[in-house]
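After this come two complexes, each holding chain A, first together with chain B and then together with chain C.
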Partner chain A sequence: MVSPERFASRRLGGGAECAARLLVPMFVAFALLPSPAVAQATAESLLRQYDGAMGPVNFEAKTRMIAHRDDGTTRDYTMKVTKKGDDKFRVQFQAPSAVAGQEMLRVGDNLWVYMPNLKRAVRLANRDSFQGGDFNNADVLRVNYQRDYDGKLEPSCTTAEAHCLDLTAKTKSASYDRVRLWLRKSDGQPIKGEYFGASGKLMRAAEFKDHKAFGGLTRPGKIVMRNMLNLKRFSEMEWQALRTDVDPPAARFVLDDLGK
Partner chain B sequence: MSRRLASSGALAAALSWALAATVHAQPAGDDALAPAADVTVTDTAPEDAAPTAAAPEAGEEAGPAVTATVQGWIDSRTSVGYASVARLLPADDAPQLSNLSEANLQLRLEIGERARVYTDLSLVWAKAGLTYGAGAEGERVRLPAHDIAAFRPGSFVSELYGLLHFGEHWNLTLGKKRVVWGPGLAWNPTDLFNPPKDPTDPTQQRAGSWLTRMEGQFERWTLSVLVAAKTTRQLGGVPAGLVYYPDDMPAPAFNSAGQPMDDGRDDEPHFAAGARVYGLVADTDVQLFAFYSHLYQDVFRHKPRLGAAVSRVVGDAFVVQGEALLQRGSARMLFNAACLRDFGAAAGCASAGTPVASAEQRDDSGLRLKALLGLRYQFGEAASVSAEYFVNTEGYDQAQFNALAAALRLRRDAVRAGLPMASGGLPGMPGASAGADPGTPQKFAFEPLRRHYLFLSYMHPQLADDFTIQAVAILGLEDLSGQLAPQLLWSARQWLTLSVGAFITLPGRASLGAQPLLGQPSAEGVTEYTLQPNVWRAFFAARAFF
Partner chain C sequence: MMKALSLAKIAARNVLRNQRRTAITLAALVLGVGVMITVRGLLNGLQYSLVDGVVHGQTGAIQVHRKGYLKNVLASPLTLDFEDAPLRAKVAAVAGVKAVAPRILFPGMISLGDETIFLLNQAVDPALEFEVCPNRLTLIVDGGKFASAKGAPAKAQVADAMVVTVELDKALRAKPAAAGPAALLAPDRDGTLSGENVSLVGTMQLNSPGERKIGMVRLDVAQRLLKLEGRVTELVIDVHEIEAIPEVVAAIQAAVGPEFEVHTWEQVAPFVVDIRARQNAVLQIVATVFLLLMLLGVANTMLMSVLDRTREIGTMMAIGVRRRTIVGLFLLEATLIGALGGLLGGAVGAGMTAWLGARGLQIPLPGSSVPTMVRPFIGSGYLVGVVLLATAGALVFALYPAWRASRLRPVQALAGG
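On to the complex of A and B.
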């Protein structure tokens, strides 16, 4: 079997052998890369890719969150998530009965929760855990890492399969002070995340699994978020259905629409 | 009678339409994300189905897709308590043992993308006993079992309305609905439409009022116009009279909570209207209100009022909120101290036709402010502590509060002396007015008699995952009396919540309280929260959701 170098040498002629020795490895390396975008991955392009997969401009999704607790029991929630543009999110809880009808709305840095028993919405600060699980409100309602974080590629944690991004919060509204994200070199999909508090302590760790296509969008179908302060606890978020071919009216993302 | 508002006629029509739509429901193929309802009356398309509407069969009439969601709970609350017979308000109807059980049903019909019908209905079974009263010498005596109006079984409609969207921005609500505009947590001075709030139970405020609301929702602002009708009579939770008193109403009339209705029986309309502009301005909720009411929940006639409210997050974890209402005049019932020194003075006023109590400041031009300013701090995972200060310039000053206490003392002494007295409280006292329409029975109704209050609340959910601790304190700042309501909730299962709690009267400082023996030295200083007989109550409740 003719090696690539020899093949190139034959095609280019003996005088070109030296050049072939330089070009062929480059060619091979290029051929192994899945796409030009990832081949020239920068922190900015990877963050853009992450946001594109995890928080497309507009979408409606049906999700299920299972919170695993210390005692081995679980709590199971079903919700509808709607996003419009960069800064409008709405979550409507559908099950269980004890929380059905609850809603959360985020517009920019503003967050409200609608309580059916109160028949009204109240403002929230951003840092609450999401329904007692291991996700933060902002993990679900604020997927815009390009806006919230400055990122750089971190060679020390880059692996053969994944780029490693080191993110530092650039707004007060970011849910974590520092984040490390691993994105597959093959397609830029996230596979792992680590989330740190202000002290540098590891607070949460996420696995992004079951990558699949929802219409034209490929993204993880499941995120497992582990509470690193209490290793018995973790929460799973499953994306059961997702549509990006929607343009929900802006009037659905106002305080007065909650509960309607 | 032509001028009479047909009781919920339009609502009945809306419901009929909704039910008809249910019968003609088509497969909901136009929503690939159809909610996983507990009860779904339509077939839902597979989740990956294309978002196209199902074509009707030939000859079959196409109708809107209808989805019904049913949820609710069964709740039982048993209370024990101690009521003092020495206090100025009678203890006769303050049972020391009671049970209140409620079956609640909430039905939500979604008719296509643009219409909703929602109901929040309850059946309540109540039983109370072990009541004590004062004997001729003021001694504590066990009373025979008797009917207690607040503990009658009944059915209650907390909400029942239809909502229709027009175009992208406008919607119309018709029916009974709770609409709260102000951001205050424990109290909303700008809430003129709903039944009185229970600040000690911030998670259970469900009852609304019968209203029509038109609302325009835009990206950063909302315009709302609302007209609410007073329920002048209702039977089994269903209004038999709105706006006007029905001519055929027998006396006495009771509302669904068993409280006597405002039996004015005039020929005037009883309504309130409000307009409100909401804007999200610089990350701040800003609201401006204009109200106009006529004999709705108070004695005001043709009364305009103005209000404003703001709410925003400050820093990482603080939420600040404020709301204010400004009006001329006062609906407060004032007591004539000259008539309340003793039985002789009261009899003299009666024979001279001098009223013992009147809303004499109702039509004056003095500005009155009701305002609330609050700060909430969120910490930990989801815990919060909040403090809200409420100023009520319509409240009693010390002399007026003395006169109120004197009226109550005279009434108490008259009852003990065996003189015939009308049942119920005095005008202006908690429980004396039914408001526009109460919903399900409340554990505690706040009616600010004085001018300065502090609400403190603490809530820590998710303690050991399934426990929630909460406590609410209402403190009257003039005499430091108040009400403390601690509660521990346990989500034993995702569908079951058990709770224990208490209502403890904080007696405050008697030296700062009212002197019911007007102009005479007395050791009987009475604070606002020691007017009422309940010293403490504790309860155990279980709620199963479905």
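On to the complex of A and C.
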């Protein structure tokens, strides 16, 4: 692990010989550090940071998913994603017309899909594929790695740029049995993920790209999820807009509100 | 010639001389041959029912898909679809084809009340499906709401009817379900999640091993659900003659063209072929053990006969009978016993098989949840083969006793060994 002092001196080029000249830049360096958590990265702090970026407490986002299928064709979906508190999620599909009006709601461990033609909601499983793409439902509607996984830093896959976290599912509702996450040492942002099934088989691999600021929140603007069981298939999820300064009413996260 | 004939006469008399010993040996032979034939007959009936159950209850005799479908079942087989009516007409026109039915196979979820469960679906046309797979009708309990036999009024049929396996039905109703219709959900041809209301009107049993969570839904409901109007992914075909399948397959392939693949039931359900091969191998072992035991009985009888008749053999030799005639005599006796036992055993086995065949047996087939009527039968080739094998085996197993007899020294033999 990199200590704050060495980290600071490295950032400054470590060229200071004189103690007096060294002290000032050191204070500056401390102030410039993104957060102490990165400097003294622990599995807990990294996971907290991951959850903070990927699933802020309250948010409202517009996202687009492009699913690349094995015959080379693509399917393009746009949706509105709303989150409230720890575990209330709602996804409202807007396009294409075949899914417009379809909604998904998660409250705690329960997940439903609302089918406009049936005018009712049907219970779903967390690990089902999300709209036939390569994300599963929990990838989109259950971003709380601190609660779902036990994490530890894994030195064997740590690189010069990134910490490597090995996550083991605590609950059956978690999206995968095991996850490996690579988080940038410089700012704790996720750059890569590998997702394993119960047998230890690599099922999905994600790349986190286009990190950018949405208001006060910096996070990847795009995730590319590859299907490792069928290499021709992958899905891209783009965040077109994201606001965290919202507080959606709790009444929006009940079954009866779906379709309204 | 005269000599051989008189030797045969002597052999026959010798066989009848010690009646108790002959009777015991014959009993062993009759039992052995009888059991071999009955077991084979039983297995024939079992295997016939297994194949019939699969062909007329599940796969049809022949299936047609878009090229690459069978190898691609795990990916997205819905995209390997085709226009139903034109292809079905082409196939129906092929000589030897008895009936054709369209199907779509697709994975999905069935939801009832608060329970949603994964299942494999077969979408079928109730008017056509049961002409290809009539055995399915007996497995469905639906009060005529989903399926109806040919000629029966279709009045009771429900438009969005669906039946699921008994196992799945039980799982769906495990929790006291909230009232309301069931919903069938599945990714459509584009991968988009889609749903339709269905009425669960009954249950079905399965007559083959494998996945137990299976549903059968009306083709029109599935086509609406999957955005596949007028299109299907599979044609199942019944033929007039099972033996003619290879020729019909070739004719269908020629009719539908290289864009499509044509498979026989053996290629679609290889497990049946496996089961059959395994059963035959087990029978082979059992039959061999039985054959060896009864032939050892023959050898024992002959050996005792030689010991008993030492003085007689000595006398024969003393009056100039040649050693090879002695060998011939004993071999002939064993062959006679073998032939007699084989014939009697064959008659008993064939009779037993015929009786069981006429009566029929209710036996649960491998992987099936319901007993099936099994009617044992036996081919004449196998029958003749077993009788010949028993006869020839008796001859071979008598070689050593006969040789022992021919090696006796006349003087010692006359003195009683």
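The rule is simple: the second predicted complex is superposed on the first by the 225 of 260 C-alpha atoms of A that agree within 3 Å, B and C clash if a C-alpha of one lies under 4 Å from a C-alpha of the other, contacts with A are read in each partner's own complex, and residues count from 1 in each chain.
As a convention for this text, a residue touches a chain if its C-beta (ideal position, glycine included) is under 8 Å from a C-beta of that chain, and two chains touch if they have at least 3 such contacts.
Everything numeric in this text was worked out from a predicted model, so none of it was measured.
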Q: Once the two structures are overlaid on chain A, check if chain B and chain C clash or fit side by side.
A: clash
Q: Classify the contacts of A:113 with the two partner chains as first (chain B alone), second (chain C alone), both, or neither.
A: second
Q. More residues of chain A in touch with chain C or with chain B?
A. B
(Q) Just to be sure I read the superposition right, which of the two partners does A:102 touch: chain B = first, chain C = second, or both, or neither? (A) second
Q.
Tell me the contact category for A:201 with respect to chain B and chain C: first, second, both or neither.
A. neither
Q: Tell me which partner A:257 touches in the superposition: chain B (first), chain C (second), both or neither.
A: first
Q: For A:241, decide between first (touching chain B), second (touching chain C), both and neither.
A: first
**Q.** Partner chain in contact with A:230 - chain B first, chain C second, else both or neither
**A.** second
Q: Return first, second, both or neither, reflecting whether A:152 touches chain B, chain C, both chains, or no partner chain.
A: neither
**Q.** Listed stretches 9-17, 63-71, 81-89 or 189-197 of chain C, narrowed to the one that overlaps chain B
**A.** 189-197
Q. Is there a shared patch on chain A that both chain B and chain C touch, and which residues make it up?
A. 69-71, 75, 96, 98, 115, 117-118, 120, 122-125, 128-129, 132
(Q) With touch defined as at the start, can you tell me which chain B residues reach chain A in the complex? (A) 32-33, 35-38, 47-48, 51, 69, 71-73, 106, 116, 159, 163, 168-169, 171, 177-180, 183, 185, 202-206, 208, 215, 217-220, 222, 224, 278, 280, 283, 285, 311-313, 316-319, 321, 378, 381-382, 461-462, 465, 491, 494-495, 497, 545-546
(Q) For the complex, give me every residue of chain A touching chain C. (A) 67, 69-71, 75, 96, 98-99, 102, 113, 115, 117-118, 120, 122-125, 128-129, 131-133, 230
(Q) For the complex, give me every residue of chain A touching chain B. (A) 60-62, 69-71, 75-76, 78, 80, 92, 94-98, 100-101, 107-111, 115-120, 122-129, 132, 172, 240-241, 243, 245, 249-251, 253-257, 260
**Q.** Touching residues on chain C, where the partner in the complex is chain A
**A.** 75-76, 79, 109, 111, 114-116, 118, 180, 183, 185, 187-188, 190-197, 227
